[in-house]
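Next come two complexes built around chain A: one with chain B, the other with chain C.
Take a look at the complex of A and B:
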């Protein structure tokens, strides 16, 4: 299906042949500005494996083999020899695995704390960011300021915010969630704003010429167009909020992976510290994967979703 | 590895010598009286020693500042650089990496690092008693250690928590479930604001802060680690084992000058505080607080009935007791190798 073709039925049913012709002309004029959801689909499919697992096996084998090779060389102390490190500076994978096994409960509990902070911050910050973007689109006079503020916030380093938030919100998880929220705000605000303003002027003109209200324009054109941008921002935030939570825990916390990591290193439990790094990486990948899955369901799971919404 | 580090340090020393020479030449050009040759010779003869403190400059380390101020290190032919610590500085790791030669930290922390294979060995025991207490307001109702169950207990962590972990273990309390074991800031604000039921305090520092804030001793409950039987030896001097192998003489000289500094600091607390205040960060502390700290520290370095002539001596029975407690309560997982954990050789050389 050519991009923009889905606009045609609506024009045809509502306003007759002349508009239909205009729409056809538009269609010819805007092939370079399709809504991103549809353009992204084929690439995403290739990357995400919309195909069978068997056909993806070779793609997975190489990185897996490379990862195992790195672990084997690490265990054989090659990096220690190359970099002049001792095992107390860079623990062996076997020691890290042993520490992880011996402290599984502690690691799980710590990961739970950190993920709670990160997800809470992710949700709150993303919601605020999206609201700022929506405001910027619907009421530019007000919203542009909010957007500017969000962008400015993104320039404030986490290390500067962490001590402030623990001062304001105490030593509970709220202070780390707050930092994660700030870290999530800007990517969502700017990403969603880009998405909400991604429809071309031709598409917007068409909506207006069809007498669509601003609300309808927002709901039926802007919102669907913005979805890929919003989901991308969410995925960026999945990593950003986790980093924010972990870094904040370095400063002031009594639990969580960041706290356990920094304290383990200080009390000479390097393998446990490295186990924290491994668990944090796994948590980050899991968060990202979960959102990736959600994205696939939302954008690609119902291939006709976006079209049917507009045709309804 | 030790070779590389020493090699790197050698290169640095050469660069330093070149700089010193340049400085001497410049000084000569400025018409200073000191003969350039003499200055250079003296600089080359002095052995450089970096001492990594556990914390920021304060009376806790008065003996070293006294020795520096009075020129005791210089008299021994040493050029000592006292490196302040901080919340993210682990003296054991600084000394193991070669960033410093000798460090000050608690024995429990040293044992934990030794167990991980860091090349460290204790050469002198400066504090003979633990100065750690848990302080709570009488209103919190923590009259005895057993009352800690279910309460919010603070500690600075990062190696300072071992005596408390031993206390919890002794009481059968799981620090993850039976108490809220929370990280404590480096002020007593959380305690004063009521955010902690019981806070860690050093007799010579935080406990004095609480008193200075106007809470009288009569309104406080104190749990003393020494009385609970979980006290571990604290401030000791330890050296990088690789460095020590080639620098026993210098280490002994350092210990001798430091002991002299400590003896004098205890005798002349006012002078010791003057020396400390010169190094302390401006406005970070008050002279009164440091004087109080000096008086309390003296009780740990030379407790009642302890001969000040014996300052710095490693009490082997006390060290073994600390190692036993550390093992019993999980600070270390296998018994410490006492023969490698400390050496009395340097102290004996220093006092002979």
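Take a look at the complex of A and C:
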């Protein structure tokens, strides 16, 4: 058990006990998203260059070999035989690679559009979500309702939002960024709230007994202790905003990976469609990796930062 | 505790009412004051939307039920497969080392992008909806449940080994209780996404489901604005319903815990 895995639950129970039960209801509504990445961290680190290459290699060898084996069986048309598919339905890896190479420029341009939408939405939505969390901490009466609304918002399907935002913001990049913003609002609001309320009552009492103002308490105690939670929310949002951007592009767009993907499928150019998926996956992993890197920089020396370096 | 929870609901109701009032006001502002083109499509009067819902509610609900049904079936299949994978990874270190990196990577990539591909492969809406919903549920459930399994204390395992406990006994008394909280955490993450996935496939060109109506009303334009908004609100309600159903089931089956991570911590540390 890594120390980092302990930090999260402790914070969760503590805040559940000290804040009123209304907050506990909210706690239950929080999408449990911080946990996957927390559980995932040791593996993710191995994948994303957390340790020296030499110690990583044997750990990576097995999954890599398994992946290659699947690709080889796919190329040998085993899945086609099993599922009764033709190659025009499920293209072979070689065909996908060829399509990706032939359309490299188009794919890169589309990925740029999609990433711009996703990151714009990620920034805007995360900022709004963080502000909601801060408001809920500083003015509980006002902010808690906003948080509950945010929790409800997180259950709304993206596909329901896409047409609304294209009505409101037109055909441009803004409408997809808007959807991405809504998608990243709730995880950030709830994650940051959890982090901002993670200091124990003993720590808060100490601050108060030293005559610290509410502003100082927020800046010196709550903000630093919320940082790991905020960064985890940001990492979740990296994938969420990308999904939101791609899904909205399926229907109301004139560019981007989602647009290219759904168009390729419509005109039966399946290899190009699969190439889009591969590029989208690479973009998602790259975004996640970037944030992971930023997290390691920011949390250097903090217990949460330390846990990621510790071997399991 | 109970009074506090009621307070939470009161809060929510108050905020809901405030939001509704703001909506009504905003709609009036757009339509009467600013005279924005397509004002009623952009933000229709909520009472007109409610009217439309009351008038065509039966038909809309039938389509929504079709969506929810296929999403639920796929969700169940995916959750079962994910649970099986988690148990396999929990039992075999090799399996975990092979599958876990892919499960983790799948959390970072836009899974829903697969919807058109799956629809393209099978050209069958029922099958495609089922597969997408299943795929979406698969990895979160597998990952979270594995997390629960990993939280079992080695001492407990050793004790059972010393007592020569059978496999079934170990599963029933140790593995199952440890993995259930994680299972529900994964299910709660995946439930709204499964609905999204099902609706996505419908938008690709299915014949039934709330997504089909949504697209149709959107193409009909301003004359069907209220019905279009009905479909949007209904699909939002489906997402909430999916989440609520899983949360309710969790409370029924695991009444002693409020949220996943807290309980997982208790199992591991306390």
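Everything below uses one rule, namely that the second predicted complex is superposed on the first by the 249 of 312 C-alpha atoms of A that agree within 3 Å, B and C clash if a C-alpha of one lies under 4 Å from a C-alpha of the other, contacts with A are read in each partner's own complex, and residues count from 1 in each chain.
In this text, a residue touches a chain if its C-beta (ideal position, glycine included) is under 8 Å from a C-beta of that chain, and two chains touch if they have at least 3 such contacts.
Only a predicted model underlies this, so the values are computations on that prediction, with no experimental measurement involved.
Enquirer: Once chain A of both complexes is superposed, is A:212 in touch with chain B (first), chain C (second), both, or neither?
Expert: A:212: touches no partner chain.
Enquirer: Chain B or chain C: which reaches more residues on chain A?
Expert: The larger set of chain A residues in touch belongs to C.
Enquirer: Identify the partner contact of A:239: answer first if only chain B is touched, second if only chain C is, both if each is, neither if none is.
Expert: The second partner, chain C, only.
Enquirer: In the superposed arrangement, which partner chain does A:87 touch: chain B (first), chain C (second), both, or neither?
Expert: The first partner, chain B, only.
Enquirer: Where does A:270 make contact in the superposed view: on chain B (first), on chain C (second), on both, or on neither?
Expert: both
Enquirer: A:138 contacts which: chain B (first), chain C (second), both, neither?
Expert: Touch partners of A:138: none, neither chain B nor chain C.
Enquirer: Which partner chains sit in contact with A:169 here, chain B, chain C, both or neither? Use first/second/both/neither.
Expert: A:169 sits against neither chain B nor chain C.
Enquirer: Which partner does A:67 reach: the first (chain B), the second (chain C), both, or neither?
Expert: So A:67 only meets chain C here.
Enquirer: Once the two structures are fitted together, what part of chain A is touched by chain B and by chain C alike?
Expert: Overlap of chain B and chain C footprints on chain A: residues 85, 262, 265, 268, 270.
Enquirer: Quick check: in the complex, which residue numbers of chain A touch chain B?
Expert: Going by the criterion above, the answer is residues 84-88, 106, 109, 170-171, 252-254, 259, 262-263, 265-270.
Enquirer: For a test of understanding, state which residues of chain C touch chain A in their complex under the given definition.
Expert: 1-5, 7-9, 11-12, 14-16, 18-19, 38, 41-42, 94, 97-102, 104-105, 107-117, 119-121, 140, 143-144, 146-147, 150-151, 185, 188-189, 191-192, 195-196, 199-200, 203-204, 211, 214-215, 218, 228, 231-233, 235-236, 238-240, 242-243, 247, 258-266, 268-269
Enquirer: What does chain B use to touch chain A in their complex?
Expert: For chain B paired with chain A, touching residues are 1, 4, 88, 90, 92, 96, 109, 112-113, 115-118, 157-159, 161-162, 176, 180-183, 185, 190, 195.
Enquirer: Which residues of chain A touch chain C once you look at their complex with the stated criterion?
Expert: 1, 5-6, 8-10, 12-13, 16, 20-37, 39-40, 43-44, 46-47, 59-60, 62-63, 66-67, 85, 89-90, 144-146, 148-149, 152, 154-160, 163-164, 167-168, 238-239, 242-243, 246-247, 250-251, 257-258, 261-262, 265, 268, 270, 273-274, 276-277, 280-281, 284-285, 287-288
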